[in-house]
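Contents: one structure, followed by commentary.
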């Protein structure tokens, strides 16, 4: 086996091995733990860089291992996997930095936290690199298992309740997904991801069964992707510490679900075949409904993290919407939103965490004048919110533009209506926050800044949101540059629609 | 009817009586007795099958089975009686308490 | 026989049976060396099983006449891939538990009697998996039952004694029923050898009755619903190592016999609706066992009811294998369940035992936050639960997948639904315990420090269940060696 074969596995191992070691590390070995964490993250980024370059030049990175009599565990790097892996890698690095500072004062075991954290990222990378549905489902379930301890990390009764709801939803979804995959395998024999889909030849005999299987699989994936009505776990999971919410909502869990939907529609069924079977309309309808529903619910939340949670519910469905509309432009829009939403949302959650950790502020009604006390954090928050609303030149604008254009060219003008409505709703629930923060007088008094010239909060809490906000800005400004998310999405779509 | 058939039928009847008593009675020693009766029924049935061979010499295999079975039955009865004694010592009664563990 | 002849690979089956037997006798006569004898056996026997396995993979099934006596009066030992797989899992599980038991019973009076009984149990299991004729199976079944009962009664509390008595009565009844079946089968076919019975035989009322009797007896011993009533008290009240081996291996032994007989002798002659009936009973077991596990107040009771549920999965083999296209897959799935459940369930019982050792009780309501206090045991419990629920990557997932594949290939979607419901219920009762274990509690509780061997053997067994998820091709090759299917 050459290096090309080992590379996907190595990328997986750079977080898996440190994770296992961190578990057995005694609590006091802070330096060891930090070294392992950061070392693993940097190594992973390096390997991902190699992979990006390679896939761009049509290298094949493939790792196979037989796991069942006629099924293999396949780790494969195509353009889509690379994009998702890169997103995970970069955001893991930043979140680790953030989490180290955030959990300074936590009484619970940090070894356990970072151990599960690393395993969680390994699962996400595994999902990204999966080359067939079996591998995908293995890492998908592993993701649920490794995120549960993070959700219930604080150990309070609400955390436990949130954990129970989380398990109920995600295992139910996983069961539906498993039946779908097993059924497909029994029917068709192969469950590999192939560019352009591989089920088209089977339309004659199995059309109805394929429709059922699609429904099962999308339901299973829809739980993690928070499609209404399967989204119930997401707002409850906000009791987790901010780094967990950041990771769950920007990278790991919701993206895994959305990514799965992309994979199933493009690489298992094939986009044109899905259209033929009439599967896209229900998907688009569900996505559209979720977009509006999420935004409306967000309007009525006073707790900042809950508002962001419902915003996530809404925003992730943009990806499903892009998938559901037949046509390359919409596809580009959906896929690039995977990255853009990730960057913007993680910024918002980092900032929310900062407000909670440094000033004890959890509710929007208490956020008056917070911009004066923590200007940099609030600036990042503002950039993120503007991106969510879709204001150019933030990255969010790019996604919405492509989705809208795609909807028009596919003959579905109502998509524009949904997008406009959603942007207005976004504005309705983000702009007031920004206004309060910058232009209102604070109600009580917060602890003053340590001294003039000192940072408003710990540097490891401050820099990550600034970096991600900057990246979100650059992803929009430099969208036409090579290696930007947009460029990459174009590449993926080109390969997807290849005749 | 032939001798073998009679033996076989009696064996089955004994088995039935034994199993029935096992279920009906709650005193441990009676249950153990019932199991022994049932066991004897099975052995009797086996002895009956030994006579199925053509010719004057009976089939030795069922006899071997019965002998082994008797040895096993004796050991099992010994263990059962020892347990029953101990239960009586510890709980004061020789009946199994109908407890569903909480 | 010269020494050279004694050490041929052909004689491995005999050694595998005799070594634990000798150890049992030695540990009874010389109590002082009991621990060393036990550990010695625990190391050597697995090695012998490995050699046997290699032999079978290379040359196919092995047959051996004990003492040179020919059948039908002599005992024949027969080893194919399936037997070796069962021997292997027995060796691994009992080997690990031996190390655990060494620490668990230290300083206890019952340790004196544990070791001989433990070795007898192992010898009985080995002999059972190597038997080539149906009467020998009866003898080994009895030996197994008696040792297991004595082990259950070891702690001598009133509950343990009643549970042991109940178990003994059920076991003896089951064996008698089985023996009657053997008698009928012999009367009809004139032979006791399994291989010969496979070729002779025709459908007749005596065959059907024989099967009914044998199946009834074996089902009682396997604790299939509704004959499961003896299992929860026995497993919950026995010492932890004993519960582990009971759930993992002893109930599987009678199931193994039932499967062998069905596969080799009875399948062509029995009404297919019998298979469906067993499947329905299995479904009942899964639902009932899971529901009872959900409301159990003690950890060991929860785990015991989980065994009742998992045994239901095993009996799904019968209806699933009657689907012609999936016959082979169904058998592989069923046995994969046996193998992974053995590892996972023993790991869980050992972890529960560590909890009792440390805190003195296993009432679930009071086990707050033990994840922090006993991380290794809890991790073992978690890994093992992954296999019990059937999540990837684990042996349980492979087994579940094979079953789902078998069912869906034949279009029998209702078994799929049942299997998935079983998994969801298992998730429910596992997480019922885990949410307590993870919750934060600042209170100080008295605890005894647990010896590291105890915690790490549990983890080792759990890892075995996990590893089974990755080596499926190798295991299925082994299972197929010697063509048992």
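Labels A, B and C are assigned to the chains in the order they are written; within every chain, residues are numbered from 1.
Following the convention adopted for this analysis, a contact is a pair of C-beta atoms (placed from the backbone, for glycine too) under 8 Å apart; a residue touches a chain by one contact, two chains touch by 3 or more.
Computed from a predicted structure; not experimentally measured.
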item: Touch-based graph of the chains, sorted into line, ring, star, complete or other; value: line
item: Centre-most chain [mean C-alpha coordinates]; value: C
item: Distance between chain centroids, defined by C-alpha means - chain A, chain C (Å); value: 43
item: Whole-Å gap separating chain B and chain C, where each centre is the average of the chain's CA atoms; value: 27
item: Chain A and chain B: spacing of chain centres that average the CA atoms, whole Å; value: 68
item: Interface hub residues of chain C, defined as touching at least two other chains; value: none
item: Residues of chain B defined as touching chain C within the complex; value: 15, 18-19, 22, 28, 31, 35, 38-39, 42, 45-46, 49, 52, 60-62, 64-65, 68-69, 72, 75-76, 79-80, 83-84, 86-87, 90-91, 96-97, 99, 101-102
item: Residue numbers on chain C that touch chain A, as the complex places them; value: 332, 369, 371-372, 375, 379, 386, 391-393, 397-398, 401-402, 404-405, 408-409, 416, 420, 423-424, 427, 431, 435, 438-441, 469-470, 472-473, 476
item: Footprint of chain B on chain C - complex, ascending; value: 72-73, 135, 138-139, 142, 145-146, 149-150, 153, 156-159, 161-162, 164-166, 168-169, 172-173, 176, 179-180, 182-183, 186-187, 192, 232-233, 236-237, 297-298, 301
item: Complex contacts: residues of chain A adjacent to chain C; value: 23, 65-69, 108-109, 112, 137-138, 141-142, 145, 149, 152, 154-157, 159-160, 163-164, 167, 171-172, 174-175, 178-179, 182-183, 185-187
